[in-house]
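Handing you this structure, nothing more for now.
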Amino acid sequence: MIVAMQDRASEEQIQYVIDQLVRMGFEVHRSTGALKTVLGGVGSQTDFDTREIEMLAGVQEVHRITSPYRLAGRNFRPEGTIVKFANGLEIGGKNIVVMAGPCSVESREQLFTVSEQIAQAGARVLRGGAFKPRSSPYSFQGLGLEGLKLLREAGDRFNLLVISEVMEISQIELMLPYIDIFQVGARNMQNFNLLRELGKVRKPILLKRGISATFEELLCSAEYVLAGGNYEVILCERGIRTFETYTRNTMDISAIPIIHKLSHLPMTADPSHGTGRRDKVAPMARASVAAGADALLIEVHHQPDKALSDGAQSLYPQQFADLMGEIRMIAPAVGRTIA
Amino acid sequence: MIVAMQDRASEEQIQYVIDQLVRMGFEVHRSTGALKTVLGGVGSQTDFDTREIEMLAGVQEVHRITSPYRLAGRNFRPEGTIVKFANGLEIGGKNIVVMAGPCSVESREQLFTVSEQIAQAGARVLRGGAFKPRSSPYSFQGLGLEGLKLLREAGDRFNLLVISEVMEISQIELMLPYIDIFQVGARNMQNFNLLRELGKVRKPILLKRGISATFEELLCSAEYVLAGGNYEVILCERGIRTFETYTRNTMDISAIPIIHKLSHLPMTADPSHGTGRRDKVAPMARASVAAGADALLIEVHHQPDKALSDGAQSLYPQQFADLMGEIRMIAPAVGRTIA
Amino acid sequence: MIVAMQDRASEEQIQYVIDQLVRMGFEVHRSTGALKTVLGGVGSQTDFDTREIEMLAGVQEVHRITSPYRLAGRNFRPEGTIVKFANGLEIGGKNIVVMAGPCSVESREQLFTVSEQIAQAGARVLRGGAFKPRSSPYSFQGLGLEGLKLLREAGDRFNLLVISEVMEISQIELMLPYIDIFQVGARNMQNFNLLRELGKVRKPILLKRGISATFEELLCSAEYVLAGGNYEVILCERGIRTFETYTRNTMDISAIPIIHKLSHLPMTADPSHGTGRRDKVAPMARASVAAGADALLIEVHHQPDKALSDGAQSLYPQQFADLMGEIRMIAPAVGRTIA
Amino acid sequence: MIVAMQDRASEEQIQYVIDQLVRMGFEVHRSTGALKTVLGGVGSQTDFDTREIEMLAGVQEVHRITSPYRLAGRNFRPEGTIVKFANGLEIGGKNIVVMAGPCSVESREQLFTVSEQIAQAGARVLRGGAFKPRSSPYSFQGLGLEGLKLLREAGDRFNLLVISEVMEISQIELMLPYIDIFQVGARNMQNFNLLRELGKVRKPILLKRGISATFEELLCSAEYVLAGGNYEVILCERGIRTFETYTRNTMDISAIPIIHKLSHLPMTADPSHGTGRRDKVAPMARASVAAGADALLIEVHHQPDKALSDGAQSLYPQQFADLMGEIRMIAPAVGRTIA
């Protein structure tokens, strides 16, 4: 922590700040300039609130120079994390992985139709919601256990891994036999109790960035899972909230290279939620690959006009197949291939 | 729902949109102008996604004209909701209620010292966290059950009601014997499973606006609780995330008159979290009262430099007493008194 | 400037950074901890870009510890600036000044009707646009010189000072004989050429915060005027752009105490533009006074339904008179009176 | 315009709204449902403020269904605009054009060195600032006329067109002999007086999106230029302001396909300002091409550590050459080639 004192700070004020820093466990270095005294607090703590010092008399400003996360930081594993699955698939390696499927599991017929088509086009992971977080209490809330069973069956039939969203602690046990990756949605990115429980699980967690979460907050949330001993965390950009309302969210493509710099965890992109509009999914999926994404999550539905949720952002199977062709052309520009 | 067709939309496209609206349960009115056809979909549904129509061929834009919430809307109870407690205190009535206390319950000595001082200054409700949502897994996470017992004891001793935050479903049962109001924090505003369970409880819920939640989303979340049969919901502004980083959040004072217009539920303000800085709490508390707030939540600590959380935004007891004097002067300008 | 080096930074990298800092004119202090080296660059420059250092090899992060403005900072005049007018009116002193009038000057009849009513209710400054910045090229663009003359005449008749917006350099000369305060609108807050010219004028400038301007940027823009020798600058909050679209802008009431802390310049509030809705003007005007505003700008129109611009946010004269009564009650709570 | 009346709106209120719409020049269609009356106002006006109706008694909400711009809309020229230059270069056609160069023109040696290198790598337009908008009055403000002359000379020598920023009306005449494209910076996007003057010029205008400008506002600003008779307008995304501060701005890649849908004007991207960090320029440049950009603007400097402005976001010439290779690989995926 660096503390810049005000130009007129008294010696007494400076001493009080030093005492507080020492009490918080820091070793303190002092630089005294003509006008300004600057204090550097050095130590290995990550759990402190810089505002505690900021509010002291005579302090001008305070900056923390260590990140509040440790295990999620690039330094912890400079070579990067590759999440490996039993069938040989890897996320974070040389190949870019495409995960696709409907927003919600609606019926066996729907799920199997879509699964077959995405598998043929080259997807390797099947996505689909069994439990749905809906902003209205009157909306379709998912098929639950029945949906999980269908996902597993479709995944096995078409040789796809399965990812699905977990919304609360009691669902973890229920989902464990049926899915390969737990997805934590944007609204739960700071559901710390849920994250702590997922740290005890031994399956990968795909953690989506909250719509107003900073990169630091995203990595702090990943830290909750990692600190529990589960090191297989995959991060995902899915759009942030800005002043612009033409799209549902503004997809922050720059999050991809930034997270790659700050963290060793694989970074993926969800252009379906990132834009909320079918006609913008393909351009943003291509942009994500061009910016270095390790995987894509894409919603596909064979009859989007009849989807029970998010039909407006679901691609038709043919659009998805076309997109697969486009990203196969782009991947070599970033030294990658499609898995 | 209003659907504006593109200027060149074909009759076939228009018919397809009409068919979809009918399928969704709407009665359709059609206005054909020289250039433009506009379709009005009228009905009593609240659960639909306008983007489903927006994506159809020939559609220019779609607007919903009914809110997605019903029970939370002002129309449902035009005279406004007053939440009444056994000791005669009312939130949403003529009197403005002040809730105060430390961020976290840290010890008996701390809690009793602060409680006595805020009660003397005129607070009527004691706030204090027993379970703490912390962005870092390494931070102090609260005293849990021990904290709840201390809160009840202090509340009873100094004649204060007690409010404390609930973070997950399993805590509800635990908290029920000790607290008078359940607080749902900003990060859990869209934890729909938690909200649904709180709809079954028969104690008031104070629901804080998420840091990037629209008014519509806040009222949809309130709807989850109301739809469960618990009509005693109190809303709270506690700052939103904007581009400005000087303060932790930007407190949106305009939320107070806006929520009063859109909803019948009492609207309160938390200037401590809204600003994150002790020196900005009093101006924003005064502003909240001047804008019509029904209650205030204010963090107070007798030794904020030693607080285990959020000391930087906690008032000293004397500052709190001064503030009480100021808002007693302001309340009559909005036809209110301090409870 | 404080430079935190990465944990593994080499001695060579550290030396290169030190050399660059010296080249930029800083005296450098070095603190070497077990893990981390921190460099403090001390000097009196204000014109540098911290990113130049941030991009160097081995650097983790950089913080500036001096503000990029000098003359606008509170340190420059700790006792605060009071802008004084020939008729004895003061902005920034003990009295709160109310400026009111129509959005645009539309006609003699309109202007004189409104001016008389606001003067009776207690306004001391007449506002009104002669040149209008309009986002559409097809909108009413103001009466120009004719409007200026009417403003002067109405001001003289009803004993009101006159404020009006200047949009480009060529208008300064034209406006000088007719107005008492130049207003710079939010869209021109970073029109640096205009600001530089206004630094040469010897009349006060009311500078509005841009809708996405940080406090630092606002004060840098004020610095342009001050650096030209015009020290009579008045700042104004008029709403910022956030994700919420219910109101046109989100009025940041906290800007008032924050600017008072950072700068010596008077700080005022414009709740008409800050909310864009007539029914929210009074609550936000009251909140501004409660938060410590030195003056208010309020749009008033006797027939807002017929206004050529911004009728939706203009108060009826009776609403304005009622509001004056309310703020007279609030002012004493912050140790002020209404001018 | 569509007006949804409140459920309890009286017949008198409905009639008053109809009268106002007629007064504003609309033909009115009325749909009366069981609960709700909806009014459709149809006409060819573009200059009205929906809030005027929104504030009337009995009105629930109002939506405009025609855009406030005409000439900038896709409908005006569905096939798209191609801006053509005398040397055969086209922006908006099949080829993607790369514009590159230093942030500021600093000296003949600097400009010629950079120009040669970017020309060799494949750039077709030379960018460079002669007049610089700087947030601090103490920063380097550009070489002015001298800079313009150097730009022209370098452009002619290396067979590059020249683009440079115009900041105020008086500079237009001065720049005309030296440059091929006028650039309007983000801070001047709503400098309507400047835009109006540029409408009279017969050279292309590259108009950058303001950091908090909606798409509608960007197109309204383009309309000012088009309405003056200058149809050669090129739009540019250069980052918007969001809550995230890790990058200077958040580059909104989705703006590219969105503007292509809403408007016929070519859409370009400036990843240098869009990110503010050298290491993020290449990923975002690649993403822009993958998303369909018609041109790129990229800052390049042979000695960025010594640049007088924005060195931190300038690529080294070798990095620029590498990037050219990458985008040449990506362009075919979107059916394009590099000019």
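Here are some notes:
Each chain gets a letter, A, B, C and D, in the order it is written, and its residues are counted from 1.
What we mean here is this: contacts are C-beta pairs under 8 Å (C-beta built on N, C-alpha and C of every residue); 3 or more make two chains touch, one makes a residue touch a chain.
Every value quoted in this text rests on a predicted model; they were computed, and no experiment measured them.
By number of C-beta pairs in contact, C-D leads over the other of C-D and A-C. Farthest chain from chain A (centres taken as the mean of C-alpha atoms): C. With centres defined as mean CA coordinates, chain C is found 31 Å away from chain B.
A separation of 27 Å divides the Cα centre of chain C from that of chain D. Note on chain placement: the centre of chain A and the centre of chain C lie 39 Å apart, centres being C-alpha means. Looking at chain D, one finds that residues 212, 241-243, 245, 279 touch two or more other chains. Listing the residues of chain D that touch chain A in their complex gives 212, 214-215, 240, 242-247, 250-254, 256-258, 261, 274-275, 279-280, 283-284, 286-292, 326-327, 329-330, 332-334. Those residues of chain D that touch chain C in the complex are listed here as 20, 46-47, 49, 51-52, 54-56, 68-69, 133-140, 167-170, 187-188, 190-194, 196, 211-212, 217, 220-221, 223-224, 227, 241, 248, 276-279, 304-305, 307, 309-313.
Residue ranges of chain A in contact with chain C, taken from their complex: 2, 4, 7, 27, 29, 31, 33-36, 38, 40, 42, 44, 60-61, 63, 65-66, 75, 212, 241-243, 245.
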